[in-house]
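Chain naming follows the written order as A, B, C, D and E, and within any one chain the residues start at number 1.
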Amino acid sequence: MKRLINLRPSRSTGILLGLLPFVVLLVVYLAGSQARLADNPNDKLLPAFSSLGDAVERMALEPSKRSGDILLWTDTAASLQRLGLGVGISALIGLVFGVALGTVPYLRAGLSPLVSSLSLIPPLALLPILFIVFGLGELSKVVLIVFGVAPFIIRDLQQRAQELPAELLVKAQTLGASTWQIILRVVVPQLLPRLLDAVRLSLGAAWLFLIAAEAIAATDGLGYRIFLVRRYLAMDVVLPYVVWITLLAYLTDLLLRIASRRAFRWYHQLNGEGN
Amino acid sequence: MKRLINLRPSRSTGILLGLLPFVVLLVVYLAGSQARLADNPNDKLLPAFSSLGDAVERMALEPSKRSGDILLWTDTAASLQRLGLGVGISALIGLVFGVALGTVPYLRAGLSPLVSSLSLIPPLALLPILFIVFGLGELSKVVLIVFGVAPFIIRDLQQRAQELPAELLVKAQTLGASTWQIILRVVVPQLLPRLLDAVRLSLGAAWLFLIAAEAIAATDGLGYRIFLVRRYLAMDVVLPYVVWITLLAYLTDLLLRIASRRAFRWYHQLNGEGN
Amino acid sequence: AKDKFRVAWSIYVGWMPWGYGEQAGIVKKWGDKYGIDIEVVQINDYIESINQYTAGAFDACVMTNMDALTIPAAGGVDSTALIVGDFSNGNDGIVLKDKSTLADIKGQSVNLVELSVSHYLLARALDSIGASEQDLTVVNTSDADMVAAYASPDVTAVVTWNPLLSEILAMPNANKVFDSSRIPGEIIDMLVVNSDTLKANPKLGKALTGAWFEIMATMSKDDAAGIAARTEMAKASGTDMAGYDAQLATTKMFYNAADAVAFTQSADLVQTMAHVAKFSFDHGLLGEGAADAGFIGMAFPGGKTLGDGANTKLRFDATYMQLAADGKL
Amino acid sequence: MARIAFNNVWKEYGDQVVLERLNLTVGDGEFCTVVGASGCGKTTFLRMLLGQESPTRGRILLDGEPLPAEPGRDRGIVFQRYSVFPHLTVLNNVLLGLELKDAPLTARLFGRARRQARDKAIQMLDAVGLGQALDKYPSALSGGMQQRLALAQSLVMEPRILLLDEPFGALDPGIRSDMHRLVLDLWRKLGLTVFMITHDLEEGFYLGTRLLVFDKLRVDPQAPGAYGASITYDLPVGATERRLYEDIRDDVRATPRALAAAVDAAG
Amino acid sequence: MARIAFNNVWKEYGDQVVLERLNLTVGDGEFCTVVGASGCGKTTFLRMLLGQESPTRGRILLDGEPLPAEPGRDRGIVFQRYSVFPHLTVLNNVLLGLELKDAPLTARLFGRARRQARDKAIQMLDAVGLGQALDKYPSALSGGMQQRLALAQSLVMEPRILLLDEPFGALDPGIRSDMHRLVLDLWRKLGLTVFMITHDLEEGFYLGTRLLVFDKLRVDPQAPGAYGASITYDLPVGATERRLYEDIRDDVRATPRALAAAVDAAG
């Protein structure tokens, strides 16, 4: 008998094993749902699969009676737009400041303590100020995401920029590069794939802030819908929405991963991920 | 004139530069506050420093008329306890599962997809469900933190365990180690400092979930207080609380960093951080 | 029958007595009297407390008449309004920035907690000027952030309740253009108990009702004890005595059990609940199974009913309050 | 009796044949050095000996029995890098194996058992010249010292076979020759069977009693993976050649100061 | 006229004296190899030449002028590792310097200017034997090829001084000797002044026209940092020694197959 550490499941066994916990979860849900529904047929907490199906159909296929929109899509579009803007702006800020702070010692001395402090403030506690300064519209939602995500990206990129082998910067100087040229041709191109990594890492937080912002003031969006229908405990809507958000989170991550692989072949070769 | 990239501020210049943005922020705040107060002496958004001082004195020094407790301290104690429990449990779960999944291929095949999926779910979207399943007591707050933080730690440690040089595991086997012995003497000791790193990285998220949970169901805690007085726009309390939370976040991070340095000298030597 | 019960409450002017009752030991005293143990739990988030009640974590919970219909009753949890504590008499209001008549609200974005009594108030206000929700945009806004929201420049209209309302009205250029005193008796704050639990444990009803009206008696007086009680409640809700009294002034508290009984038995209540049911149905709050506003049956004192009798899930019951009025507890 | 025998062993990864038709018998106490082009399968050969990989075809016998399919205490290994545990001090690195053996559950020894193991470990460390660095962490050791430690760690378990995969490839030339002396010393003293891969033919010649050359005999340009490498030369290496090489080497190598002094004196 | 002159140069870090009393004059086209114990200050010496560090005392003159306090286009460098840009292809690595020179703002060339630069870069790459790998990323190159690329990258800028800090320390012996040939070739062709640090005395002897030995002459056991190293020997290396070394070397080195064949034929 080999050691446990040396036993590797075959490909198909592995897939089956991976599916197992999901099946178990489903069965547990079904059992719980049936038990509660047997008690109270109107129970909303753990709806039967048929109710979930109805809700999905209603939200994803039929136009809403009130607005005529198909809610799932308008919500998704609204949320993704906010997320994209928030994360995009954070990435831009992160790149500019991360590169600047990581490359220019004077800037680092001046701004690094500020950025570190900012990254420690829990953005949710600052909501009232954000509202008053940025209003309640789309802007404040995007700002909340930026506020929650940008300091992290700045610090990560600053760190990465400082980790670039000093040899490379010296080498560039021996090729006659000015500070600007070093940033343009050496630092930024090497940090772009790491920016994508940082963005991927911060997507979870971005979703969180998005949902928090939409829960507080909005007229559409995935977070808005979840917190609105929570008012009447419509778990038949909440659960599919949560699954949908999870799926979207997975897809955005996948997309970024593929994009990175396409755009930065050298980076992934370097890290031994094949091509 | 040297290139910008080669200019380094002296130690004292560096410190002064670092303080500058904070001074600027203070001045901006003061100006804003005065302008608003000149407009409307009852304005609550940007209270004068004297009001902030009063509020701090009231919250941090005088026993509350209602309960006789000093609110800032009871709030801090309650929040830190929840945070400690939540993060502690997450760390434990993270270590056990991270090591198990990272070391035993069969477990990895079975549980890794589940953990990945869980880590993608935005916990705030699950908040309504969590409260109903785990009730409104201390448990649900701790669970929210665990739910938000543990999957991240598991995945990080799993990754780190898989990144351990295969040579080390083979070497241990040539010394006759069983799977259990390898985990006990090779994998866990090498992952402990990385566990501390992972905990430090996830503290920000933990604070976030703590504040979100306390806003919904609690009778004390820093997040509760902010939420309570937010209704009245009592920024004279909110702002000191935010600063205090930021300070606490900084201190916990510092503490963990020092602890890691003390306990895992080999790790920091290895990473060239001196002793 | 069990002997341990859990009651959930959240911070609101008309519900503060529960916190005081717990703290001052009045609830415990009445529990002891009937040999039961009542745990009173404060929950910050009002909706969360109702959800918890609906999911079965609590035996009783404070809520408004509308939420009682749309959450527990629509969720199939047969619920009884055990105590009718007060109705809002100016405690909920519509505020416009820089504008002074209700008609000016047309075309604006209105910030309110969607699907709450604020939303209902807005609907009733619009009815009164022959307008409808199509004429404006509703922006769902969390109650905790309402004051901050109003302070931001792009928010020009809000519908909210006290103490947020008075905070907002204290700001410059804020004009109250409509409030709940124009629809008296329609926004009702109640203690709702699970009907099955109540049926199996009449002691619970008696203990809660007894405790409530003892607190009412204490706080309604202007003697030292009354002032002390109100001061406690003021502190617990984050304001001071003056602020709390101001909120009480716009709340029609039923300090007297007989008043509460009379209100519950009046025909107006049926009329109100018909309004509420229609509003709820129009906004999809009765669930997808609902064919019309009468989908959920309601029972009132004296055998009056509303809606589908076969699906009666919300009951207004004056018997325990009557016992209190009669001094039989 | 032959310690190790390869009987017509093949190793394939999918379509790619890495090693083919390996036939080899190695007796007790031999010192086999293995050379060959990069990627020709030397490490794969060692991994089969280690039990980390099993042959696709053919059999490997150890004392006539099939070789265990897992690494074990009887076959020690030293890699080019990552052979020591960074979280353990020098002493604990060597102690580890002894603790693993005698305490299956806790993997830690206490009291007298620990003292005995400790003595044994220190003796071993003295033998490789690390007696003065017991409480240092590997990160504080030079590359050469780390490889000495890895050797000590393996040898304290008294393996019958010692496998070395380019153990000195990352070391500076000066340090490398010290290590050669050490390995030869230990090999003679402990009577081990040694397999050592090297990129450096000089090293291969200098150290071994037997030199194995791996190479592809057949190459199909259309399908580079169709044929594997096998042992193309299997040479006994006599003591004379070794002497000769040492002589030459000593001529070239000297410390800067001494050398400079010599030039100085001459000039 | 002397290209480089060190006039009584000292380098201290805080209390620690690293180098002291350096006096040195190096003329055009010399090939100085630098040897010395680890940590004795060889890299510090190079960094001062590069302009990355300035002397604590004394002056370094380049053609009689004080040396610029920053790295610049006139002094090329190749480190042991990390000398090429991982995000650029082989061609772009060499093109980069030319683009930096001619396009201060965008650091990119287009059209005819780019084609000319490209031709120049390819010519340089051909010279170091990388003409076939133009579109590969450095990670796809072997260590030796990466160092060739680093050389090409520096040399295309036509520096007057080439600094090499253990450029071949991480390479296998076989590849190393190829690189020696290449460096000697380029040095002769381009008429550079070269400073090359090495750990390998043989290499130092073989390659240089001049061998600089760094060592501490004075040591205070109470205060190890009190005295620094200086140049203890400064030897001209004649062509004869080099020949001799080459002869010896060729004897020992041969490809496995050829060698085995020889043995075969003999046995």
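One rule holds for everything that comes next: contacts are C-beta pairs under 8 Å (C-beta built on N, C-alpha and C of every residue); 3 or more make two chains touch, one makes a residue touch a chain.
Fair warning: this is a prediction, and the values are worked out from it, not measured in the lab.
I need the common contact partners of chain C and chain E, sorted by label.
Neighbours common to chain C and chain E are A, B.
Over the chains that touch one another, what is the least number of steps taking chain A to chain E?
Counted as steps through touching chains, the separation is 1.
A-C versus B-C: which interface comes out with more C-beta contact pairs?
Comparing A-C with B-C, the pair joined by more C-beta contacts is A-C.
Starting from the mean Cα coordinates of chain B and chain D, work out the distance between those two points in Å.
47
Measuring from the mean C-alpha position of chain A to the mean C-alpha position of chain B, what distance in angstrom results?
Taking the mean C-alpha position of each chain, the two centres sit 18 Å apart.
CA centre of chain D versus CA centre of chain E: separation in Å?
33
Quick check on chain D: which residues sit in contact with 2+ other chains?
Each of 70 in chain D touches at least two other chains.
Multi-chain contacts in chain B: which residues touch at least two other chains?
3, 6, 45, 128, 132, 173, 178, 215, 230, 233
Two-or-more-chain contact residues of chain C, please, as numbers and ranges.
51, 55, 145, 147-148, 151
Can you check the complex and tell me which residues of chain B touch chain E?
2-3, 6
Under the definition above, what is the set of chain A residues touching chain E in their complex?
That would be residues 165, 167-168, 170-178, 180-181, 184-186, 189-190, 264-267, 269-270 of chain A.
Using the touch definition up top, name the residues of chain B that touch chain A in the complex.
Residues 3-9, 13-14, 17-22, 25, 45, 103-106, 109-114, 117, 119-126, 128-129, 132, 152, 169, 173, 178-179, 182, 204-205, 207-208, 211-212, 215, 223, 226, 230, 233, 235, 238, 241-242, 245-246, 249-250, 253 of chain B touch chain A in their complex.
Could you please specify the touching residues of chain A with respect to chain C in the complex?
40-45, 54-55, 58, 65-66, 127-129, 131-137, 140, 215-219, 224, 227-228, 230-234
Please name which positions on chain D make contact with chain B in the complex.
50, 52, 70-73, 75-77, 79, 81-88, 96-97, 99-101, 104-107, 137-140, 150, 153-154, 157, 159
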